[in-house]
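Sharing a structure, written as structure tokens. Questions coming.
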């Protein structure tokens, strides 16, 4: 890799914000806003996501879902941030947060259906204020900015969180969305999952910024850098950003620093480009165990509770995959039926022709 | 205008870098790299640009050129930067720097032809290393980044300067181009003419950044903020950026702060949105007179020299408009002849058909 | 009597008055009232939250409009010029045309994108494009192009009220030269209905936007009896009117200023080749721009379809 | 015997070997060798300056390619997937297709853009688009689409060597299933020459990319004698081959998986309606995708042109 040739060093980055201790210098901390029940609920969310992810990988290997974007190790980012929100707040996931709707009560079967290429994977974003999964990188940043701006215009108290990766920060859509959000005082939290890889492209080939949070100043918004494996640090940073947002103070960029601990997606072979030893090392400090350690040190998590969280999540997944697999084959008419509220006559005619042909073929 | 709601103030901006004094606290300074002859050559360049601009406005009023993008007041930015370059270096103008080729020996007639919608306004960028005038905002930033990257790959010592406005920094193309330049260690100077307006849109509606130079950190490059009315400050900042570029240290973002002292273009009516008194005030400290004052204080510029610079520039313009007006009406075949090196057969046939028709019509 | 751009302005006032969820956004649409003054007066009347001067970023404009639509607004986005709309194509193709589908039809995205388009305005490059094919080809997107002031108001109203995203291309060449009666108050011209601009029996000239006047000028001078069909809406296309006219005349010429290859004129010809083959007594001739960048303005007249070129096509079709 | 994607890889190796100014750039093309492994081995062989892993920014990729071309390189840009190419449309339309023109023909912009395209790959949304019409409609841009491994190598070589910008769309569905002999070493298939994939006398099926096999499958089962014309290059179009075939058969069906409205199939039909009207014994029928977003994959088979749909069109044309 080309050596960095920066001459004027950028301002030294503050250490990553942390709450959960490691016994070596960092003592355990506490955060505002979470009582014991809240802390345990957060744990259950992490376990639910972890279970979803691990089961999905298995289902993929069994041929029961298609390509799947693994998110193992980012449960802290997802759960930490969602728990800092109210029900009125919106969530804009990328493919990496495909299952984040679970934390809003979405059925696993819905998300599994999405990964099975079944129209039952469609949902109404307004139901749970979870936008559709965004596939083209960074293009949902302006959506989130617009929605948040709209909430402000309506005088509502809601805000929005938008999730994207380190690679996404290279796209024009990220830039334009962030700038709009700032200019429009949109109540938005820009949450960057900096896992230091965009498929095979390492952060150093993505940007020369010392930290992605350095981009915030260019939009005139605060930039915050947290340990993305520390669910409470993510929670706390989000909580503060949400506070600013609700107070009309505009967007915040949060860079949650982590490391990609799994292949980019099921189709990916990271052995071609990643040092597997590094991955193994990162996995040793993964976020769920870290949080469990914290809860146990605080005497909150018992074996029974941990077991129950896992068992409940597993049961939900078992039910979810069964429900997804029980879905009837979708009606081919759906090819035509949701694109337009008021479809062009030509399209209506083509629909009729195709359905006639399909029924003649006896398919 | 919506009030700024920034809470965490961004780091205090350093005062604008200045070299030319104003007698009130700022003493005149000096810069490396310009001897007396160089200082006077710089003056002649500024006068040439100023004369081009003022004559063009007149020609427009006389119906001799079409819509024209006035650049009155930015001569310091253009001349200051070009004089810090070598002949091997490339220049990427926007419509606001349409006449920057003059500083590389381009004939005024060529640029006037461009504004007359005549194909003689086309030029070969390699001849003077002046890229074509870029009309769509910010889209030439990646071009300049790519060219500069290419020069590095070829092991050549050239670099590139890319000019764009404050509004341009909102475009995704600016962002992607700047990031590529940084990642590829491209020898590039990003020169932002921050005239604080994008047509009718003031800077405050464009960005919440405290300064556009604040964007540099997000790309891991130095950001420099200079007084855009101080030609020596621009020269010096560019010289330093070019030095970094040639040393393989990558791009620099220079924000040259000025104020738009003329309508956006001839078609624009700024009275609808600008405080004319402010414009008048800004015009009082315009860059050519400021530099002339400096040169006179240093005993370098005499009345004769100043007069000669003006007279030569005027003569060049008189000759230029005459030459532009003497150009024959272009051959309509040119509609077809330069798009493809190897045009599709259909297009060749259509060309023949149209030319036959036009000749039949006796046009 | 109003000009076309005044009719657009009238339409925006009327629709914003009628529906508080309508908001206008774009570069310089607010305090300046747009570089063509199409949005003049809106900011004074409806405030800067409903007529918004945005940052200079077309993808950002359309992308935030998607979010505003999710928040219940009906955004009307102005692209300052045709060729400056290209940065928004990504949002248009990936999201504006797909988001309703993606929600299983649950959510509406009633976004309008309007822009001045077309050539012959004696401007530097990239101020003269006719990009309708990019828009029409995009699933989920409807496209309308008026040629008269009344239609400019009525089609815009239809676009704004439509539950689906609609792109309205306004022929800037005739912004101030096309004048006509425009109904006061609410006025809607439904999408998908063409207009017979001139009756004729021998040959149909299909056109839209500024090309309608070119077709009419040619018709005036032609030996044959020429029917001019102003499509008004490219998607949905009024196939009925098209087939009826060509069924009557048996001959068709399609006029459009966009580059020929895979332009919208090809779609019209393809519909005729599929559905009017028995009616056609001659070739379907396209009179269009060429597969080259829109030229420098001293030679733009050679590029653009002219009455002469239309007449030559009419001769060819009639003599067949 | 090579697969189609291996042939692409072979072509890239060959052309980079041949001409040191050729460089490959894109997301994940380097160390990974591309998500489809089309660029595998290039970085090892030619170094990281000639096979460049870029930041994640498609407009940046194509925009810097313009600058690299100005510096004398022949950039070959990979767009990771069809639908992820849309952010580059602005650069493509405003600059890649216009810069040569803008220099009065003085400078060449020998840029190649290649991407996997097309549907039926059982992937989440936006991995299945057929965007050729956007590219073909853009002045200054040529477009090629191979359907065999040999053509994948040969057309890519022609694209890279062409002085004009060329977009090559590679049918990803058959990346690994299409296998065939591929000439060793230098192999160029000139742009603008179609290929008769199957001889026939009654009706011509015009197709390209993965649709050629669909056309052939239908031809196999048809009662009539079907000629299958594989266009290979959409612009320049081999009008001669098209008109010759339809002149012989008198009937035409056009198959393309892109949405129908203003898709490239319309251009083919329009050429026939203009230049083959006396030869046509029936309507020109298009068998295409629909004016809807490419569907979820459990129902994508209904969307895509199938042998059955082509057969139905053949019946219609033959029975006319």
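A, B, C and D label the chains in the order they appear, each numbered from 1.
We adopt the following convention: a residue touches a chain if its C-beta (ideal position, glycine included) is under 8 Å from a C-beta of that chain, and two chains touch if they have at least 3 such contacts.
The structure displayed is predicted, hence computed values, not measured ones.
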Chain labels contacting chain B and also chain C: A, D
Chain at maximum distance from chain C, centres defined as averaged CA atoms: A
Where chain A and chain B are represented by their mean Cα positions, the distance between them in whole Å: 43
Distance between the centres, which are taken as Cα means, of chain C and chain A, whole angstrom: 40
Centre-of-Cα separation between chain D and chain A, whole angstrom: 35
Residues of chain C touching at least two other chains: 54-55, 57, 59-60, 83, 86-87, 90, 94, 97-98, 101-102, 125-126, 139-140, 235, 237, 261, 290-293
Residues of chain B engaged with two or more neighbouring chains: 2, 119, 122, 136, 170-173, 176, 179, 183, 205-207, 339, 344, 346
Contact graph of the chains (line, ring, star, complete, other): complete
In the complex, chain D residues that touch chain A: 27-28, 30-33, 35, 48, 53-57, 59-60, 83-84, 86-87, 122-127, 260-261, 290-293, 295-300, 302-303, 308-309, 312
Chain A to chain C touching residues, read off their complex: 119, 122-126, 131-132, 136, 139, 141-151, 153-154, 172-173, 176-177, 179-180, 183-184, 337-342, 344-346
Partner chain D, residues of chain C touching it in the complex: 59, 83, 86-87, 89-90, 93-94, 97-98, 101-102, 125-126, 131, 133-134, 136-140, 235, 237, 258-259, 261-267, 269-270, 272-275, 277, 280, 282-286, 290-293, 320
Partner chain D, residues of chain A touching it in the complex: 1-2, 66-67, 95, 114-119, 121, 133, 135-137, 167-168, 170-173, 198-201, 205-207, 267-268, 272-273, 329-332, 334-336, 339, 344, 346-347, 350-351, 354, 357-358, 361
Of all residues in chain C, those that touch chain A in their complex: 23, 49, 54-55, 57, 59-60, 62-73, 87, 90-91, 94-95, 97-108, 139-140, 142, 162-164, 192, 235-237, 239
